[in-house]
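Same chain, two partners: chain A is paired with chain B first, then with chain C.
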Partner chain A sequence: MIRAGPILAMLLAVFALWYAAAVPMNIREVLTEAERAGAAVTPATAVERRDANALGLVLANPGQISGTWAQDRPRLPAPHQVAGELWQSTVMEEIEGRRGLLNSGSLSNRGLLLHAWITLSATALGFLIGAGAGILLAIGIVHSKTMEKSVMPWAIVSQTVPIVALAPMIVVVLYSVGLQGLLPKAVISAYLSFFPVVVGMVKGLRAPDAMQTDLMRTWDASGWQVLTRLRLPASMPYLFASLKIAVAAALVGAIVGELPVQGGGLGARMLAGSYYGQTAQIWAALFLAAALAAVLVAAIGGAQRLALRRMGGAA
Partner chain B sequence: MMNAPIPQTVISARGIDLTFETADGPVHALKGVDLDIAKGEFVSFIGPSGCGKTTFLRVVAALERPTAGEVSVNGLSPDEARRARAYGYVFQAAGLYPWRTIGGNIALPLEIMGFAKAERARRVREVLELVELGGFEKKYPWQLSGGMQQRASIARALAFDADILLMDEPFGALDEIVRDRLNEELLKLWARTGKTTLFVTHSIPEAVYLSTKIVVMSPRPGRITDVIDSPLPRERPLDIRDSREFIEIAHRVREGLRAGHED
Partner chain C sequence: MSAAILALALWLGLWALNVWLATGPLANRIWARMAVPLLFGLTILVLWEIAVRALQVPLVILPPPSQIGARFGASLPVLWADFVQTIGRGALSGYLIGCGAAFLTAIAVDRFVFLKRGLLPLASFMAALPIVGTAPILVMWFGFDWQSKAAVVVVMVFFPMLVNTVAGLSETTAMQRDLMKSWGAGYWQGLLKLRLPAAMPFVFNGLKICTTLALIGAIVAEFFGSPTLGLGFRITTSVGQLALDMVWAAILVAALAGTGFYGLVALIERGVTFWHPSQRG
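Take a look at the complex of A and B:
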């Protein structure tokens, strides 16, 4: 039984820290607005405040603290502002918006749900390609010394190249051969997600000990039989562990892939938010992405439990 | 079973040498090993660690290739015999797959060898009865005790009706009481199936109780120091271990082990 108390306390502490951080982050703008509105602030002019310490400003103007949690365009939006933005851009947009689900019959391109769906489809496709490629590569590496020597170094090198630098190139190259839309993003997703699967599956396929492979040999089992009857089942715990990492990486890949293209998605929302100073929009997209990752990882956890139960439930 | 058949050599080893190249220099696992084993014999290999008893078993099963010498199994090379599926191998650990039921584990070699589904089911039931595990077919390995798991692994080795049963300290990890019981059952099993059995052990009473032939080995280099043909009758109740003959053979085995150690 999980005790709710400590988890709740932890959550409250995070929120308290967040609210506290929003005060010095936003105080300068709040004081400027208050000065324009004719309120008395200390120091009185923006020039004097420019070099002042943010905490000092907070202490000198305690009456303005509540304003730091209610700005239109805060540097750091408070939790309730992010929650409000999330609510507005998901539920309310679809119910009341002109382009929302109720009025147009399809998800609004101003709401987060459509963008989350775009990101999710790229993530899912990329994850399937990446995980499939990872499993096949691992099988090749386990069966061939040559393959291990020739493929593994490149797989490692591939992960040292910053994906932010590589993503635009992939998009451009694929565009020049006529591929655009979902696939380039999925390719970037796959690029990030194949690696943990290769590493985990190589370990997993080698998990059977010498005795078990010797037994197979005394039965004169073929390589294919050893793979399907012994190595693959033995690798399942490793597979699921690496799939969890891979699906999170696939989501990051899809978001990064959305930055250089105009096709929408959570990545595009974050970029638009930073163009127009809509920090709450960035944070809302960020939280939706995190929630998406949590759901994906949980789904793999569910598949893992299902698979292990079918495999005897002891592992 | 017919009594007193004409002895027919199943396994014949001549001048087996096996040297492992290790980082610390060569290790002579076997040196000049000659041995003949007749059909239906129960042969125990006994000796201290590093005497090559396990290695000899692995050579017979084509899991190791000797550096020199000849082994023939049913007139074939070990590797040909392996491909003809002549061996049922039982290791010290049961080595059952945790993701398969007991029945599924025993059916595994049958699947690999391409037996039809109905035939697999029939054989699984048959060998489970043979090792007194009837009714445990649907259980998973973790639901069974260590002794029962080892019986299941013996059933797995018997399922495809191999000519030769190779057992590498199968009861080494079990406690004395379970071990006694399994020894008794193994003897009955051997009497019923008549399989040529090669059995590696550390235990003198176990070797004497089970065997028609005891091969005493010694280490550095691994070699045979004595081969004892047991005069004990085939029918052996547990209390035969208190008889004078039994104690004499045990004494001779002990002497052989000591002599090997003094060299």
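Take a look at the complex of A and C:
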């Protein structure tokens, strides 16, 4: 309880701040609507309100504050509106929607679950490709000095390049050679998740000290045996630490990759929400993406505990 | 067919040269160490050029490097304007505001145990989230111009910077802190003379991570709406016109800017943390 107390207090503070911020953010639109509905608003015309301070407007119209938390298309939706939108577009859409799971047998394309699934599958595919390639390259780098000297500087330089700039082009190019759907997004995910794995694995494969490698040599172990019996087991803690970073990066890659594709997914959902001013929809997609990231990182953490326990380490 | 043989021969030849340079008698010369990655990059570029020409890959799929270079040279004014808009205005101002705010917050978090227990878990959680998703919201709030890009960058760099700085501030040992106390140093003296200098390697690690994040934030935010210049805008519109050489030229600008930005921070790091083992090599 002692550890949860401060976190809960900070969370409450965040929510309080959020509700408070929603008032000045949304007050103008609320006042405009109230004026149209015939209510008395203190600076009576829109022209006068345009130049007024938002906080001043709130103080002048305290009666309208509750309206700022219940708008249709607020600039900043209140927490309960986002939660409501999340509930509507996941559970309710699947149960009651015409295209929902209960009525059509498949996930609704108007609900968030289908889009989350699309994003998740692109993330998973890209993560597998990126992590696999990263591990292979790390093994190559540890075993070949030429490879290390040639490739490692470029691997570092490639990370200073804002790779998402490539996203639209990768998508278009792969489309024109006949590839579409999951793969273009997965390529971007793979690229982003690749580097943390390379760096972590190179460090991990080099973790055994000279004493241990000498011991392997006295046993006449081949390079392959040293790799599988000493280096790979020794690198596990490093691997999992970098996999956690990589999976979060893969999710970012999938979301950014969905921006130019418009084939569904949380990124496409955010873009659609931004085009049509559906702010609650953007926030709901954002929170679902956050939950997805948390679940993915937690899953890697679970795999880490399992692996370490099986290897007899301190889990 | 002859192109394939030529490519293969070039690859093998340059790779053999690289092996000789990396492991041969010259391996410890400084120029040899620089030459190895450069030769590797050159090999890739030459193979790319040969492959595109020999296979007659259409321009809309992959332009050859020579054409990208020509396009880059021909449209320098346009690209410079894009650079100033995206990097100079959006990314840089956001980077400074975000990293500065995170630095000050980290000192506050370090000072008050309550904040450390409450805010730090939230911050490490936030640092793993796809914050780039806030871009559409911030573009809606701050308009299409560079202010919204700077806002996205601020949100993106804040949490990694905060987590790194807080980790750095707890880097000193109890022995060192006791020594400061035995000299009668107050909180501020302890902070300025011992703990901040000790935190610098972590601070710079955060700053280096944030350089890339800042460029990513500024470019992605332009996908959600921008004035008619900027690297993100150039990339999306050129993809739409299938002018792939222009896209690659814009990416080249982003890559050069990213590498330069990172290199600049690394250079400052070298000056500030000259005492750290990783810098003495």
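Heads up, the rule we're going with is that the second predicted complex is superposed on the first by the 307 of 315 C-alpha atoms of A that agree within 3 Å, B and C clash if a C-alpha of one lies under 4 Å from a C-alpha of the other, contacts with A are read in each partner's own complex, and residues count from 1 in each chain.
Just so it is clear, contacts are C-beta pairs under 8 Å (C-beta built on N, C-alpha and C of every residue); 3 or more make two chains touch, one makes a residue touch a chain.
Since the structure is predicted, the reported quantities are computational estimates derived from the model, not experimental observations.
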For the three-chain model obtained by superposing on chain A, do chain B and chain C clash or fit? fit
Report, please, how wide the angle is at the C-alpha centre of chain A between chain B and chain C, in steps of 10 degrees. 70
Is A:A70 in contact with chain B, with chain C, with both, or with neither (first, second, both, neither)? neither
Would you sort A:L17 into first (chain B), second (chain C), both or neither based on which partner it touches? neither
Could you say whether A:L306 touches chain B, chain C, both of them, or neither, answering first, second, both or neither? neither
Which of the two partners, first being chain B and second being chain C, lies in contact with A:K149: first, second, both, or neither? second
Applying the document's definition of touching, compare chain B and chain C: which contacts more of chain A? C
Would you check which partner chain A:A54 touches, where first means chain B only, second means chain C only, and both and neither mean what they say? neither
Thinking of the overlay built on chain A, is A:L166 touched by chain B (first), by chain C (second), by both, or by neither? second
Which holds for A:M211: it touches chain B only (first), chain C only (second), both, or neither? first
Tell me, in angstrom, the smallest C-alpha to C-alpha distance between chain B and chain C in the overlaid model? 12
Which chain A residues come up in both lists, the one for chain B and the one for chain C? none
Residue ranges of chain A in contact with chain B within the complex: 211-212, 214-221, 225, 229-230, 233-234, 236, 311-315
Complex contacts: residues of chain B adjacent to chain A: 61-63, 82-83, 85, 87-89, 91, 93, 95, 97-101, 108-109, 111-113, 140-142, 160, 166
Any idea which chain A residues touch chain C in the complex? 3, 5-7, 9-11, 14, 25, 75-76, 145-146, 149-154, 157, 159-166, 168-169, 172-173, 176-177, 244, 248, 251-252, 255-256, 259-260, 266-267, 270-271, 273-274, 277, 279, 282-283, 285-286, 289-290, 293-294, 297
Residue set of chain C touching chain A in the complex reads 15, 18-19, 22-23, 33, 36-37, 39-41, 58, 60-62, 114-115, 117-119, 121-122, 125, 128-130, 132-137, 139-141, 211-212, 215-216, 219-220, 223-225, 231-232, 235-236, 239, 242, 244, 247-248, 250-251, 254-255, 258-259, 261-263
